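Next come two complexes, and both contain chain A; in the first it sits with chain B, in the second with chain C.
And now, the complex of A and B:
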C-alpha cells in the first residue's frame, strides 16, 4: 500500500498515512486530486478506480471516506477489508467511533493504524492482537499518569 | 473501552482543537493557529524547564497544526527529547511527531538514531516496537544504513517476542523497498523462510510479506519458501474456519494470510515436484469449490474476504498458465461474476478475465462471454467498469469476432466518456488493422473512427491508415473512392481532410474515370475544405494539388491559378507561402517527365510496429500491457491464431517504438527549392532521396541531370563556338566563365579546348573537349588537374583520356567536381603532349568558382528585406564601387546576374534601375545564403555592388568574382 487517507464528505482530511517517501507538495496535490475524484463518485459505483499508476480502493463509512492507494498487482477486495478491519478497530477502541473521536484523538487513530499496518503491509490481522498492543500502551499510560500524580 | 475518558487526555489540546473547529473562517483559523504557535514558541524558549507532560502536549499541538496543512518549523528538538523520556506516552508522541514530520536535518537524524538504538537494545518489547515503527515510517537511507544489520538479528533471534518479530519483519521490508542495496543477505534469510512455520499466524502474516518482497529481488535465495507456503496454504484452506480463532474473518479462514501466500507463489513457476504441485492444485481446486458453496454469512465482508482469496487464486492460476482445467474453471467462475449484482465483483471479473483472455487455454472460454461484456459496455453506470469492459473486449478480440467487437466499440465511442475516448480510438484502430482480412473493412472502420471521434484521433492513427493504403495496392482504389464519398459531407473533421488530401493526391487517378469524381471535381472538393483548415492541413493540401498537376495535366491551369493567388503566394505563413511558390514554379518549369519523377507515387513504407500500438503503450502502461503479454505468450505457445497474425502489418518486431512518420515538419530555409518541392507531403516521410537521386548518389545524379553526355555535346560546344567571335586565349579567360558554363576555354595554333559544365548543389561535372587543329596526331597526350586548394575545400577528379588524338579529331574528358567547403582558388589544368616530336606544355585555369554552386532562391520583397536585415552584421556585408568595363546595358546585366547563379528578383528594390538577387551557395559542409544588390549609376558610369552572406570569406570571394563582370 502506498498511502491511506481519511477524509470527510466536506473534503476535510482527517488522517493521512504515507508508506513511501513523498514530498509535502506532492502529497497536498495528490490529496486534493484524489478527494475531488472520490467525492464526485455516486454511491452505487464500484469501490475501485485506476488513478495514475495506482489502484484506489475506497469505502465510505457514515461521513468519512477511507481511501487506500495500492499497487497494480495488489488485491482490491482484501484492501477493502483492510479498511473495514481498521474501522472495526477504531470502533472497538473508541466505542462506536465517529468522526469527532478521530478529530479529537487523532494521535490515537495514528497509533491504532500503526499497530495494524506497518510499511503499508498488514502487521497483524487479529483484532485481539492489535487491541492488546494498544491496551498495553494505555495501561502503561495510566500507570505513568498515576505515578505522576 | 472508551479511551477518551481514560483520563490521560490533554485538556489543552482538546480545547485548542475545539477552538479551531469553532473558527468561522479560514482567516480566523489562521489567527488562532498563529496565536498558538507564538504561545508554544515562547514556552519552548522560556527559561522555565518544561515538564514532560507539557512538552508532550505542545508537540502534539504542533503535530495537529501540521496535519491541518500548515508549516511547522520548530519543535523538532523537543520531540527528539521526548524520545528518551522514560514515560511511554511521551515517547510515543515523540515518535509520532518524528514519523510524520521528520526531514533530513542531519543533526536531528543522529539524535533520533541514538534514541532508536537505545530503545532497540532496551529489551522492552513496547519500546522496541515504537523504535521499529519509527524506522519503518521514516524509512530514510540514513536509518537503513544505521540499522540494516541490527534488524535481521532481532527478527531471527530466538528470544524475540512475537510482536517485535512482526514489527522487525515489516520494518525490514520497508527498508528493503527504499534502500534494497543496504540490506545484507546472509544466514538469516534461511531462518526468515522458516518463520512461515511459526505457530503465531500474525508472525507468519508479517513474514510472508517480507519474504515475497525479498523473493522478487532474488528468487533463488527463497526457493525453499515454495513448499512451506504450499503447506501453510493447504492447512488454511482445509481447516474448519473456527480453528483459526481470531484469524478467521467473517467465517473465512485467514483471508489475508491466504492472499499473501498466493502472492508469494506468484513469484515462482509451478512447483517442479509432482507431489507439491498436486497439493497446490488441490488447494486451488478447494478455493474454486468454496466459491460455489452457499455463503456462510450475508455480510459483504464474508463475500469480500472469500472472493479476495478466490481472485488471488485465479491470479496464480493465470500466472502458472499450465492447467487447462483450472483456467477454464476460473473463467467460468469469473463469467458468473460478470452478472453479479455487486458492482465491485463485476469490475474485478472484467479485470481478471482480461488477463485470462491472453492464455491459449482459456482464450476461447473467455470469448463465450462476449455478449455479456458488450452488454456491460452498454449498461454499466460506472465509467470505471465500462473501462474494464473496453479492456476486456480488446483482449478477447481475434479474427473471429473482430468485426463485431470493433462495431460495438465504435458505437460505444459515440457516447463514451471523454476521458477514455482517445484510448478507445487507439484500440479500435489497432484491432481494425490487426484483424483486417479485407482491407476495405479496415478503411471503412478508420474513416468511421474519424467521423465519430475525429478530435480524439491522434496523428498516429491517420498516419497509419495512409501507410497501409500506400503499402497495399488492392485497397487504394477503394480508399480513394471512400474518402471521396466521405468528403462529400458538408462538415468533415480536419483529420478526414488530411487523409482525403493525401489519398486523393496519391490515388485520385484511380477514380478519375468516373465523371462524378473527375479530376476537377476531386480538386474542387478538396479545395472547398481548404479555407476551413489549419496551416498543417493546408500545407498538406497544397502538396496534394501539386500531385494532382502530375496526375491530371488537365487541371494544371486551375491549380496554378490557385497557387498563384495572393492568398497563397503572399500567405503570411512562411511554410504555406514557400510551398505555393515552389510548387507553382515547379509546375511551370519542370517538364512532364521531371514532374512525374518528382511527384511519383509514394514508395511503400517499411513494415514496422504499428505506430498506434506504440502510442497506446506509451499512453496506458497498465491496460496496454495486457495485449502485449497476450502477444508474447501466444508467440511462445506457437498458437495457430497467432501465427496467422504474423502476416499483418503490426506484428513485426515489437521493439521499434519510434513512430513511422517523423512528426517534425518545418524544414530549414536553406535547402534548395527543388529539394523542397520534392518533399511534397511535408510531414509525411522523408523520401527526398528517392525522388531526385540527389542526396543519395551525387555523381550519378549529376550525370543523370546532364542527360545524354557523350558525343552529342561536342556538336553543341562547337556550334556555340561558331557563334562566339572571340577566340581570345588571354589569361583573363577565367572571368568570362564566371557567368557562363560553356564556351572555348583555350585555343592556340594546335589545340582548342572546349568546355561544357553543369552544376547542381555542391556537385559539378565538366566536359572538356580537346580538338586537334592540325592534320598530325598528338602523341602521349595527358591532361591532369592540379588542385591548388586543399581537398577539404574542393575535390576534382579527372577521368583519363586517350593518349593519342588524330589530326582533326576531338577527344572528350570528364571531370567530377565536388565543393566541400568555400574556396577561392580555381584548379589548374595541365596538358602535355608531343606534336611532331616536340613536347608541348599548356597550363590553363579551370573555371571552377564558388558561384558555380549557387542555387537561385525566389523570394518576395518582404522576405528579402527581412533576411537582408538578418544579415546586417558589419562583417557580413561587403561593398565595392567600381567603374563600368562594359556598356551599361540592363538586359546584359540581368543575364550576367542570372548567369552568376542567383535568382534575379523583380520588383523587390524600390528603384527599378537597381538589380537584386538571392541564392544559396551549396557546399558539402554548409549552405550559405547570399543576397546581392547592384546599383548602376549611368551618369558616372559606375556601379555599386553590395553583398550580404552569413560568412565573410564567402562575401569577399563572390564580390571579387562578380565585380569584374560589368
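And now, the complex of A and C:
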C-alpha cells in the first residue's frame, strides 16, 4: 500500500498515512485530485479505479470515505478486507465509531492504524492482538504521567 | 501565562467557525500561542501543543515550526510524549529534511528500551519513514530484534526489515540468517510479516529466490492447516481462517513457483484444494480465490488447473458484485494471450459487460473483447463493438475506433463489409478517430478497386449529412477527388446509384473549403480533390476559378497549393492529366509503417502522385534505403514514377538491354526504368528542364548529344544536385526533325554496376515533328566511385505508323559529369 486517506463527503481530510516519501506539495495535490475523483463516483460503481500508475481501492462507511492506493501487483479484494478490518478495530475501540470520534480523537486513530499496519502491510491478523496492544499502550500512558495531554 | 488550551477544546472551537476566514483567524491565533510556548521551552505542555499543531496540519495549515519539537518529544522519557513525538515525526518530517537524521539516535535508544511498546514505536517510525541513512545506521538493531523471542517485537522487526531492504537493497544479505526459523512460528502476526519479508527478498534477488524455494513444502503445509483447521475465533473472517495470511502465502508461492517446475508441482494440490473448497459467498472468499487464480496462471501449472482457474474467473463474471466482475475482467485480460481458447468460452459474458454502468468495467470489457476477436466471430463481435462505439463515453471512442479498424483489417470477411464497417466508425465516431487512421483508410479504399464506386457514393452521402468530423471529411474528399467520375456517372453496383451532378459535387467540396468546421488539413484535402476533378469532370473552368481564388489565401499551405495548381493550368497543362491520374494499388509493408511503392512497370496505368499531399497518400518518405543513399538523405515525400510504357514485357527487354552491362545493383526488375525517386520540394522541379531553384546548380558542364539518328536527336544537359556531389542530374531533350510526330516515345537507360540510376517521368511520350518541341526527362545518376560514366540507351517509338527501336551506347560524357 502506498497511502491511505480518510475523508468526509464534504471533502474534509480526517486522516492521511503515507508509506512512501513524498513532498508536502505533491501530497496535497494528490489528496485534492483523489478526493475529487472518488467523491464524484456514483454509488453503483465498483470500488476500484485506476489512477496514475496505482490502483485505488475505496469504500464508504457512513459519512467517511476510506481510500487506499495499492500497487499493480496487489490484490484489490483483500485490500477491501484490510479497510474493513481497520474499521472494525476503530469500532471496537471507540464503541460504535462515528466520524466525530475520529475527528476528536484523530491521534488515537493514528495509533490504532500504526498498530495494525506498518509500511503498508498488516502487522497482525488477529483483531484481539492489535486491540490488546493499544489497550496496554494506553494504560502505559496513564501510568507514566499524571499531567495529561 | 495560562495553560495552553486542550486539544479537544481547540478542535471544538475550530469547528464552530462559520467561514474559512474565521477558521484561519483562530488557527493563526493558536499558532502564535503555540509558537511562544515552544520558545519558552515548556516541557509540560509541549505534547499538547504538538498534538494541536498536528490537527491544524491536517486541516492544511503549515506546521513546520513544530518539527524540532517533535524531536524533543521523542527524546523525552514520558510515553505520551514519545507517542505524540513519533506521530509528529511521521506526519511532519520526511527524508527531505535534514532534521530527520537527528532522530536516529533517539530511535536507536528506543529500539533498546525496556518497554516493548516504546520499542514498537521506534520500529514503526523507522519502518514507515526511515531514510536510507537511518536504515543503514539502524539495520543492525532491527536484525537483532528480528531474532528475539518476543513475537510482538518480532513481527514489527520483520516489517521494519522490509522497509530497510526497500531503501537499501544491499543490506538484504544481513537479514538472511534471521529468516531461518521465521516460518516455524505459531504466532500469526509473525507468520504474516515473515511471509511479507520473504516475498520482498525473493522479488529483489534471484539468489534469494532459489535459496527460499526449499520453503515451498513448509508454506504448503501452513496453508493446508489454515484451510483444514477448525474454527479459530481469533483469526476468523466470515468463516475463513486468516484470509490475510492465506493470500500472502499464495502470493509467495506464486513467486517461488514462477519459473520452476518442481516447485509448481509441489503446490499443485494445495492450489486445487483452495480453488475448490473456498467459500465464495463473501468478498473474503473471493479475495482468496482471486489470489489463487493469479498464482495458478503465473506458475507452471498443469492444464487442468489452468482451466479450473479460468472457470473461476468465468464464474466471477457472473457475480452480482461489480468488484468481482472488475477483477475477473482484469485477470482475463492478462491470461487471454496464453489461454485464448479457454477465455473464448466466456466471450458472451464478456461482451455483456460492455453494457455495464461502471466505467472501469466497460474499459476492461472493451479491451478484452478486442483481444477475443477472431475470424470466426468477427461479424457478431463487430456488431456489439460498433453498438458500444455508438453509446460509449467519449474517453473510449478513440481507443474503440482504433480497435475496430485493427480488427476489421485483420479479419474482414469481405471488402464490402470492411468498407461498411469503416463508414460506420467514421460516421458515428468520426471526430475521435486517430490521425493516422486517415492514411490507412485511404490506402485500404484504394486497394479495394471494385468497391470504389460504392465507397465514394457512401462517403459522398455521409458528407451531405455532416461535415464536422474531420477524419471522415478528409477521407471523403480524397475519395471524391479520386473517384468523382464514378460518382457522377452513377456506376455503383452494390447499391442504388444516386444521381449527382458535377456541380453538386463541386458545391460540396467548395463548401468544405469555406466552412468554419474544416481544419486547415481538411481544406488542403478538398482543394486537392477539386483539382483532381479537373481531369475527371468537364467543368474545368469552374475548377480553374476556385483554384485561382485560393492563390491569394491567407493560409500559406492552401496558397501554395493553389499557386502550383494554377501553374499546372497555365504552363504545364500538358502534364496535368498525367499528374492527376488515378492512384495505383499500394502495397503495405506494416500496419503503421510507410507503404511500399509497387513497381508498376507497365502493369497498371502510369500515374504520378502529388508531392504536396501530407502522408495520406501513403507515399513513404523513406522508402527504399537506396533512395536516401542516392539523394543524400533527402527526406521529402517520395513520388512514384514509372516509365510510360505500355508493354508488360518491358522488363524482359530491359534485361536484354542490360545483357552485357551489369545491372546497377537495384531490385529486379531492372532498376533503370521504374524506381521511386525522391522528389525535390516543388512539384514541377525535377521534371522541368529548367532549374527553378538555385540549389540545383548548373555546374557549367557542357551539354552533349547522346544520340542522333533518323531525325531523332537526344541531347543531354547536366546539373549537379546539391547536396550530394556524387549525383549527376542529366536532363535529356529529345527532338524530332522529321515531318511526322514520333509517338509512344520511350527512353530507357542502363548504367554499369558501380552506378545507380533513376529515371523520372518524361514530359510526354510524343516528340513533335519538325523540332516544334522537345520531350524532356530527368535522369539521376549516382556515381560514388567516380568512375567514368557510360550508358546504354534504348529508344522505342512509333513513326509514320511503324514501330522503331534502337539501341545505342553513350560514351562521350564530358569528364566533369562524373568526376
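As a convention for this text, the second predicted complex is superposed on the first by the 144 of 149 C-alpha atoms of A that agree within 3 Å, B and C clash if a C-alpha of one lies under 4 Å from a C-alpha of the other, contacts with A are read in each partner's own complex, and residues count from 1 in each chain.
Throughout what follows, contacts are C-beta pairs under 8 Å (C-beta built on N, C-alpha and C of every residue); 3 or more make two chains touch, one makes a residue touch a chain.
Just so we're clear, the structure is a prediction, and the values are computed from it rather than from any experiment.
Peer 1: Is A:98 touching the first partner chain B, the second partner chain C, both, or neither of them?
Peer 2: It touches nothing on chain B or chain C.
Peer 1: Looking at the overlay, what does A:72 touch: chain B (first), chain C (second), both, or neither?
Peer 2: First partner only.
Peer 1: Given the touch rule stated above, what does A:23 touch, chain B (first), chain C (second), both, or neither?
Peer 2: second
Peer 1: After superposition on the shared chain, which partner residues are touched by A:39: those of chain B (first), chain C (second), both, or neither?
Peer 2: neither
Peer 1: Determine, under the contact definition given at the top, whether A:106 touches first (chain B), second (chain C), both, or neither.
Peer 2: In the superposition, A:106 contacts both chain B and chain C.
Peer 1: Given the touch rule stated above, what does A:53 touch, chain B (first), chain C (second), both, or neither?
Peer 2: The first partner, chain B, only.
Peer 1: Name the residues of chain A shared by its contacts with chain B and its contacts with chain C.
Peer 2: The overlap between the chain B and chain C interfaces on chain A comprises residues 13, 16, 19, 21, 28, 42, 44-50, 75-78, 80-82, 85, 103-104, 106-107, 110-111, 114, 118-119, 121-129, 133, 136-137, 140-141, 144-145, 148.
Peer 1: Enumerate the contact residues on chain B facing chain A in the complex.
Peer 2: Against chain A, the touching part of chain B is residues 1-4, 6-8, 14, 17-18, 21, 53, 60, 63-64, 67, 69, 87-89, 92-93, 96, 100, 126, 129, 132-133, 136-137, 139-140, 163, 166-167, 170-171, 173-174, 177-178, 201-202, 205-206, 209, 246-247, 249, 254-257, 259-260, 263, 301, 304-305, 307-308, 311-312, 343-344, 346-348, 381-382, 384-385, 387, 621-622.
Peer 1: Mind listing the chain A positions that touch chain C in their complex?
Peer 2: Against chain C, chain A makes touches at 13-16, 19, 21-23, 28, 42, 44-50, 75-78, 80-82, 85, 103-104, 106-107, 110-111, 114-115, 118-119, 121-129, 133, 136-137, 140-141, 144-145, 147-149.
Peer 1: Can you list the residues on chain C that touch chain A in the complex?
Peer 2: 6-8, 11-12, 15, 44, 47-48, 51, 54-55, 58-60, 78-80, 83-84, 87, 90, 94-96, 115, 117, 120, 123-124, 127-129, 131, 152, 155-156, 159-160, 162-163, 166, 188-189, 192-193, 196, 234-235, 237, 242-245, 247, 251, 283-284, 286-288, 290-291, 294, 322-327, 357-361
Peer 1: Once bound in the complex, which stretches of chain A touch chain B?
Peer 2: 13, 16, 19-21, 28, 42, 44-50, 53, 72-73, 75-78, 80-82, 84-85, 92-95, 101, 103-108, 110-111, 114, 118-129, 133, 135-138, 140-142, 144-145, 148
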